[in-house]
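Next up: the structures, one after another.
Next come two complexes, and both contain chain A; in the first it sits with chain B, in the second with chain C.
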Partner chain A sequence: MTPLSFRSPPPWVSRALVILLLLVLWEILGRMGSQLFFSPLSMVATSGVTIFADREVLEALRTTAWILAIGFGLSVCIGLVLGLAVAMSRFTYQTFLPVLLLLYAIPQITVLPIFVLYFGSGPASKIAFGVSHGLFPIAVSVVAGVQGIKPLLVTSAISMGATRWQIFRRITLPYLAPSLFTGMRLASTATLLGVLLAELYVSSGGVGHFTRRFGESFQPDKLYALIAALSLMAILINETMRMLERRFSRWT
Partner chain B sequence: MSAASAAGQALTARLTPAQRRASALVKLSALALLLIVWHFVTVTEIVSPFFLPKPADVLRNFIRIVGSGQAWPDLKVTLFEFAIAGPIALVAGGLVGFLVSLTRYGARVFEPIISSVYAIPIIIFYPISVMALGIGPESKIAHGALFGFFPICLNTIQGFSRVDPLLIRLAHSTGASQRQLFWRIMLPAAAPTILSGVRLGLMLCFLAIIGGETIASIEGIGHRVVWYAEGMQTGNMFAYIVFVVLVAVIMNAALSLLEFRKGRS
Partner chain C sequence: MTNETGRGAMAETLIKVEDVSHVFPAPDGGGEVIALEGIDIEIGRGEMVSLIGPSGCGKSTLLNVIGGMIAPSQGAALIGGARVRGPRPKEVAYIFQESALLPWATILDNIKVSLEFQKAPRATRDQVAREALKAVGLDAFATSYPHQLSGGMKQRAALARALSLRTDVLLMDEPFAALDEQTRMIFSEDLSRLLANERKTILLVTHSLAEAVFLSDRIFVFTSRPGRIKAVLEVDEPHPRSPAFMTSPKFNDLRNRLYELLRDEVLAAIGKDRQGLA
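Take a look at the complex of A and B:
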């Protein structure tokens, strides 16, 4: 609102400068601080090249990506069905929505050991734990989406002689799309959180194994490189989902 | 497919008394059924007690763990970590959020950076905390504070940037000073958004601490669950999980209360 005395550059230019500044700061602080815990950007980058040439690390990352994809897919399917079931009628909505919200309120991290007990320490427990994180945002968003549909639309469809399937196909589904995509964006980060939590907890294989190995042997450069790669993956997933969300929100 | 919509009625519309009774009955009988099935499969040992302890055993263990004060030392550690990490997250998040929102331009530059970092599951930074600070409380405090920082910071930015410009113009035209503008207009208008960020941030901070304890620790309530799990004491593990969930629920309720109280004043 306040007029500036100079013309400020467009926000993205300043944003790029800020990021650059942070990276430079990382390099400088990394050279100053203890090399045991901290590592300058340049070293992390060179280690990044070596660890991503390592077959085992690549294999672990690929496994994590697979687990994430399966977990996310299952979350969407189960969450969608669950959400539609809860929003099926006024009765089911008011009976089961409180139950859904109650289950959502239980912090999943506390039940992680049960998941490992039941699903073992392989990919299954990681997938299941990822689903336990991704399922609820989808279900709740779907319920909210159905709830937001104007009853008038449905009433007029009925008066024009629409069948249930037609109502579902022509009204419920298209009007649901924006909230479904919001739910999917939330679920993608939540599933990733769940999968990584399980990976770090089990840590016998996969990414968790390497974070533990690099951490315990005090190889910060490798640890940072691995974490930077995972962070980039998370940001990319989030941005992709945001793009999809924007695109499909325009649809209705 | 969607019968509510088929009836052309809003899902939130009130149920008839008969439907309300039926709804309560469905919920109660579902819970009862769950307990009966649980009891049945464990008593007959269709499911090994190693995988699923009897509900009565879980209850007995729960009473013993909570009643004997056995849980207290671990709870004290966790609460201590939270008592330090929470305020750090609060002050750092609020301060950064405030500084960034001093100008509209600052908010436009920094908000996307902070929110895309927030998209990273912060848990993956935990191994760094452990490497640098060890498996004692320090690493949990750092991790919890980092987790709590983002929602608080982002909501502070959002709260300040969504203050009605008309209010600000009004304050300017009545000759309000910068301080008056902040205390009388900006802060009260932004408070609800900031407070919901504070609630969320502190809750995430608390859960992150429990998560950190679960992954790598030697004490704390999150660690005790793992300790029982690794000792194959499934009965105690289930009871302790009930305890931890209860602690989290109470924490959540307490934090919601704070938001409600402050939101009104």
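Take a look at the complex of A and C:
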């Protein structure tokens, strides 16, 4: 075949082929090495069926899901308010943005024990740690979004008699929407990470507890089945956010 | 009523600028810049006035003082005898160099939001907006988004928005500057027709000599900074003005006089850069 006559297949075909190849590789590698740390795909799939019939595991998934939902909701509210407050004026922007970025840059895992001491070993510490991961991407995106507003739009609105609330409602919010959803997409995975880390550390329940248990008791098949379920959760949230992001940024 | 009566000192005065001076801090941090000094003008109802002068002579500042967007350091602007202390959305509408349309809203929604800002009665907003679009020939683009329109059409939409606000005064801050020349000429003709049909009082900040002569009843020529009024030219020609006016001896004569008046000021404004060359 000459290079000219070669037509690349549609993207979904090549993508599906790559994934298939990886799955086959997984199966082969899983059968070759020690089954203490790694399991072939076929075993993970059959374990998946059994662990998701396990009431305890289902309970853990449900626990993690609602902790994540609360954590994410709080991240959005706090992050939005914080971002708006920082972006409110030149003064607040110049004063507080560096502080915000500094806090964002801290590897938060180092302060996890303090979260647990303060919020206890129940769901509160997991929610709080999730929020501490989710709120910064949102706040920073909101600040960036507000900074991007064209001053002329505001000047024009003021000349037409717009009140502060009208400027916020008709200009700031719609202008902000795309960056807010970008922030929410980043925050959703960050919050999940925070929640899982806290669950791993405290290990009193939730998915994190089971990943630890399966890992330490050399049941990699179950571990990977659980990871697959978690990944699915993350992908679903991510894609929902991306849809919203696209929906609200059609005009850009 | 024809525009003939709306010109010059004979008409009822609508806008008055009394001894306005404006000083602002220099952008580089040191000292102050005197943008305007001792401006005293009167503009009659229905008059079309251009403000022309070198860059930085304060003509936009004067426009914003009249529009209530800037409080002058000294003096005051009056509209209909009342002192301007802030934006006057019921009396004054702006058209800027850029259309300032909200990118996420359709053209129709843009105008409706503006009417909401102005606190126009909710029930009539849709109808008023549609009529304004029709007046500028954009009714077919009511549901288009700004990014789908050309630069000229966007400015036309900005004009429709300004008209929909039904103000007596239109303030135009270099509204044609970003448009190509053909679009600019068509736009000027439309504006002249609008002047003949509606009794708007218009202040136009422009850098174009031809535009100023073609559109204005009076032209205020500014000095370079600090901005003062150097001369006032009258253009005695009824609206609507046709393209033929642009090739008439009268037009050329006025344009040349305007250039003579401006030349020294522009040279003075860029003088520092030129000294080395001279």
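We take it that the second predicted complex is superposed on the first by the 245 of 252 C-alpha atoms of A that agree within 3 Å, B and C clash if a C-alpha of one lies under 4 Å from a C-alpha of the other, contacts with A are read in each partner's own complex, and residues count from 1 in each chain.
Keep in mind that, in the parts below, a contact is a pair of C-beta atoms (placed from the backbone, for glycine too) under 8 Å apart; a residue touches a chain by one contact, two chains touch by 3 or more.
In this text the structure is predicted, and so the values were computed from the model without any measurement.
Now for A:Val57: first (chain B), second (chain C), both, or neither, which partner does it touch?
Neither partner.
Per the overlay, which chain contacts more chain A residues, chain B or chain C?
Partner touching more chain A residues in the overlay: B.
May I ask you to decide whether A:Arg170 touches chain B, chain C, both, or neither, giving the answer as first, second, both or neither?
After superposing on A, A:Arg170 lies in contact with chain C but is clear of chain B.
First (chain B), second (chain C), both or neither: which does A:Leu192 touch?
first
Have a look at where A:Met43 lands relative to chain B and chain C in the superposition and call it first, second, both or neither.
neither
Touching A:Thr155, do we find chain B (first), chain C (second), both, or neither?
In the superposed model, A:Thr155 contacts both chain B and chain C.
Looking at the overlay, does A:Ile138 come into contact with chain B only (first), chain C only (second), both, or neither?
A:Ile138 sits against neither chain B nor chain C.
Going by the contact definition given at the top, which residues of chain A touch chain B in one complex and chain C in the other?
Common to the two interfaces on chain A: residues 152, 155, 158, 171.
Flag every residue of chain B that touches chain A in the complex, lowest number first.
1-13, 15, 19, 22-23, 26-27, 30, 51, 103-105, 108-110, 112-113, 116-117, 119-121, 123-128, 130-132, 165, 168, 207, 210-211, 214-215, 222, 225-226, 228-229, 234, 237-238, 241, 244-245, 248-249, 252
For the complex, which residues does chain C have touching chain A?
Answer in residue numbers: 67-69, 87, 89-90, 92-94, 96, 98, 100, 102-105, 113-114, 116-119, 145, 147, 165.
Inside the complex, what are the residues of chain A that reach chain C?
Touching chain C from chain A are residues 150, 152-153, 155-162, 166, 170-171, 174-175, 177, 250-252.
State the interface residues of chain A toward chain B in the complex, per the touch definition above.
1-2, 4, 8, 11, 14-15, 18-19, 37-38, 84, 87-91, 93-95, 98-99, 105-107, 109-114, 116-118, 146-147, 149, 151-152, 154-155, 158, 164-165, 167-168, 171-172, 189, 192-193, 196-197, 200-201, 211-212, 214-216, 218, 220, 223-224, 227, 230-231, 234-235, 237-239
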